[in-house]
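Both complexes shown next keep subunit A, but they swap its partner, so subunit B is in the first and subunit C is in the second.
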Partner chain A sequence: MNWGQLAITVVTVVSILGVLTLVLNMQYGHAGMINFGVVAYFAVGAYAYVLVTQAPPSEASLDQYVIGLGLPPWAGLIGAALAGLVFAAITGWPTLRLRGEYLALTTFAFAEVFHSFIVNEQRFANGTRGLVGVPRPYRETLDFVDYDIVLAIGALVFLIVVYVIFERIVKSPYGRALEALRDDELALITSGKRSRRFRMEIFLFTAPFAGMAGAFYVWYTTLVIPDLFTAEVTFIVWIALVLGGEGSNRGALIGITLVTLFEELVRAIPFSTIRAAQVAAELEVAALGLLLIIFLRWQPFAAWTKAPKRVARS
Partner chain B sequence: MAELLRIESVSKRFGGLQAVDQCSFSVNRGSLVGLIGPNGAGKSTLFNLVSGLHGPEAGSIRLESDELVGRAPHEIAGLGLARTFQTPRSFSTLSCLENLLASVPSRGEQITSAILGTYRAGERESIAAARQHLELVGLQGRADDRADELSGGELRMLEVARQLMRDPKILLLDEPTAGVTPTLQVRLTEALKQLHAGGLTVIVVEHNLGFLLNLVERVVVMVKGRVLTQGEPGSIRSDPEVINAYLGRRGGDAA
Partner chain C sequence: MGETGDTMRVVQLLVFGLGTGAFLLIATLGFALIRRVEGFLNIAHVELMSLAAFVTWYFNSSLGWHFLIAATIAVAITALVALVIARVIYDPIKHLGAPILLISSVGVAFLLHGITAAVVGVGIRSFEIPRLDAWRIGGVLVTPYRMVLLVLAAATSVGLALFLNKTRTGKSIRAMAINRELAGSRGINVVRTSRATWLVSGVLAGLGGVALGVLGTLTTDIAFQQILVILAVAIVAGLGSLYGVIAAAFIVAFAMDLSLLALPGGYRPVIAFAIVIVVLLIRPQGFAGSREEVTA
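Presenting the complex of A and B:
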């Protein structure tokens, strides 16, 4: 087992999925909005990045996609953020009036609709075949270092920036208003505050970060196929958030680190037969469920992830 | 005295139940009014209509020159109307101090200001005001405790303080003494008298008539969604119609 490579992979994946977990923590942990369609905002960003950066379709190839703007990677990253924003606006406008489980169902449905769209619409991004061999940005300029390390550092910096921004919001009166909204919407409304404004705003504000995480994911995998963006991503992020303790950004990061470490360690085990690998893959899911139960029952990291008090400093 | 709140021919029906029926009365600026009536008389529904949680089928509700019917609850609150609920509402995971802070507008509720941290000066003022309000209701010792650690009576006091934070023109209290210890009741009476002296207009729905009749200047009696009668506490106490409809045969202690 190559421990160095494993560490680089874990840092990269934790950073990318960590951003998704932080986004979900803002939406659910702080504002109380159940989003079961996390993967869609991530996928929209990944696909937008590819559509913006890939070359226009050529007659000679077997590609079926019709959009390819051929713009540089930074434009792709902006495109990913914008795609997240637009998708959040489209899905948020009709759904954010809904509460609790109704919101959960509609966000899940939106994500499934998008997944179905990318599977079936060949002209969008080649359908199930997807787009492979997406060039990694500035690969040639950076050929004097290990690109995997550069990407890991880049993703980590992205994660830290998102963490700092979200922490500042959480610790401000804005975060307080979100938690007030989560605790008792009626009490907030009768205090003269428009709860819908906060819901919509935090939904729209956080979604672009999920979109940008999608672009980072493309740089990591160099491909976009519908199979990468199934509801499983949503559930992994949810498990991570519940593990770490919703309502705490630090907890969200601890959660996703544990889940990713576990998954990558299992993946790194050298299996001698395909059958063994298949059994391990099934056991992995079961073990993850068991881990979740253990954490919910004993809350081993509760002391690390307690949300800090805001006012005590005054 | 100038009229502050005017309720005119307001009606609200829930299915087959006419909860509020052509109800009309008005409240003068700076007055302390009690609203009584048997269970189901429509008192709480009337509060919900005034604060915009329900829309009436007919009628008009005016706060000064502003029509409240058709406005969203947060707008009505913004016009200077504050209310408490029969079951007290609070932001359970926030501290008592934060409960009060979350009830006033803050610059830090803009995302950019929150990220840049340009709200701190205003925040310091709000914290000072919040501490004063906690003291007013006797909760100064619990400023940093979470709201879900409070007793039922303390929660009511917290709700009152939270609503007062906004410096409202009128405060509607829905059964403020239910579940509140006698000590806190005395404290609440004192606080209300102090606020009243400061010019705040208050309407109190209350079943504890001993508390109410000693506190208010005028009483409005509702029965079956209508105003039965209104007048000074002394005359209400002896009004045969009121005794019949509400107080029962024993007179003064029917709550």
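Presenting the complex of A and C:
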């Protein structure tokens, strides 16, 4: 096994999914909104990046997509962020006035519908075939170093930037108002804050980061296919957040690191037969489910990472 | 195609939708029952259906037993698994609230899915039941098995209504759904009643799984794909409402099947979702239920 390569992969994946976990932590851990469609904000970013940067469709190829703006990678990254923002606005408007499980259901449904759209709509991005061989940005200029390392460092820097921004927000008076939204909404409203507006603001503010994480993911995988963006991504991010203790950005990062390490180690095991590999892949799903159940019940890291709830005793 | 041709096509799709609605009715009843009595959305319900479908397939197609015997065994096993999961996983975290239970049920769904898929493996499976030709009634094709499902759905609904209204356990379940503490203080054995609820829900999931296999071929992913539609039915009905499910199942089924007139089949779940959005915008509590718990 190539430990160096494994380490680079883990750093890259942890950084990309770490941003998603931080976004979910802001939405659920701090503002109390259950978003069960995290993958959709990630996926729109990835697809937007490809649509903005890919060459316009040519008659000669087998491609069926109709949009290709052929712009440089930085424009693609902005496009990914904007796509996340627009999708958050569209999905947030009807859903954010809903509570708890209703919000969970509608966000989940929006994500499933987006997935169904990218599967069925050939003209959008070739449907299930997807778009493969997406060029990595500045590949030629950087050919004197291992591109995987550059990407890992880039993703890590992105994660750190997002972490610092989110920490600043959490520590600010605005962040305390968010925690009130989660812990005691009535108290928040009574003190003259508009809770629905807070929800929308945090939803719109965090979604572009999920979109940009989608663009980083495209650089890592060099392809976009619907199979990469299933509900499993949402649930992995949820498992990570619950594992580290929701409400703590540090906990979120610990959680996603443990989950990614687990997944990549399972993936790195060599299997002699295809059947054995399939069984291992399915058992990995089962193990993730079991982890989620166990960590929700006992919350082993919560005492260390989680801030106490600020609720007046009644 | 003339005007009569179009009408025939609509009638054909409506007849087809009856079967879809029957399946959705069976599949959603157990889900709605748990939401009503235990107070949370059990996402793992669809994986219990998957379990039932594959246990039936194992006894029926692999061991060659009669379909009805295999289905009965599968329903019984599913009910027991539902009860065990409730006691081992859900009961100890009940005090943490509905959102945590909901997220846990996703974990349970993963767990069940992973185990089922690891054991069964990839590939398309189907039950060993006689292939019956469709009946042609006045130019409309009627698939016999879809009509069998309709009868099964009717029997299930009536059976559940009788159970909840006429039996002691059923009445206890209803009392507990309205006010758990009050029911307990009035001498209802809350723990026993909760277990009975899980068994009933498990039986309904089992029937749903068997129905899924009767409707078409099986893969290990097929049950999970139904969750969105089941959620749509439950929301249209009003979460926790049982009688609302009967109407909602057919509304969603007809809407999805009639959409085939204008859209490719892959968009059926999108239709279910569009209904959800409209319902949540206009009447988020569904047919029944109070508005306060829904919106902020």
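Here, the second predicted complex is superposed on the first by the 297 of 314 C-alpha atoms of A that agree within 3 Å, B and C clash if a C-alpha of one lies under 4 Å from a C-alpha of the other, contacts with A are read in each partner's own complex, and residues count from 1 in each chain.
One rule holds for everything that comes next: a residue touches a chain if its C-beta (ideal position, glycine included) is under 8 Å from a C-beta of that chain, and two chains touch if they have at least 3 such contacts.
These numbers come from a predicted model, not from an experiment.
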item	value
Which superposed partner A:194 touches (first subunit B, second subunit C, both, neither)	first
Subunit B versus subunit C as contact partner of A:165, first or second or both or neither	first
Partner, of subunit C and subunit B, that touches more residues belonging to subunit A	C
Subunit B versus subunit C as contact partner of A:205, first or second or both or neither	first
First, second, both or neither for A:5, with subunit B first and subunit C second	neither
Touched partner set for A:179, first subunit B, second subunit C, both or neither	first
Touching partner for A:222 - first (subunit B), second (subunit C), both, neither	neither
Those residues of subunit A which subunit B touches in one complex and subunit C touches in the other	195
Residues of subunit B touching subunit A in the complex	51, 53, 72-74, 77-78, 82-83, 85, 89-95, 97-99, 101-111, 113-115, 117, 119, 123-124, 127, 143-144, 159, 162-163, 166
Complex contact set, residues of subunit A against subunit C	34, 94-102, 104-106, 108-110, 112-113, 116-117, 119-120, 185, 195-196, 199, 235, 238-239, 242, 275, 278-279, 282-293, 296-297
For the subunit A and subunit B complex, residues of the former touching the latter	165, 168-169, 172-177, 179-180, 182-184, 186-195, 198, 201, 205, 247, 309-312, 314
Subunit C residues touching subunit A - in the complex, by the definition given at the top	40-41, 89, 92-93, 96, 98-100, 102-104, 106-115, 117-118, 121-122, 228, 231-232, 235, 239, 264, 266-267, 269-270, 273, 276-277, 280-281, 284, 293-296
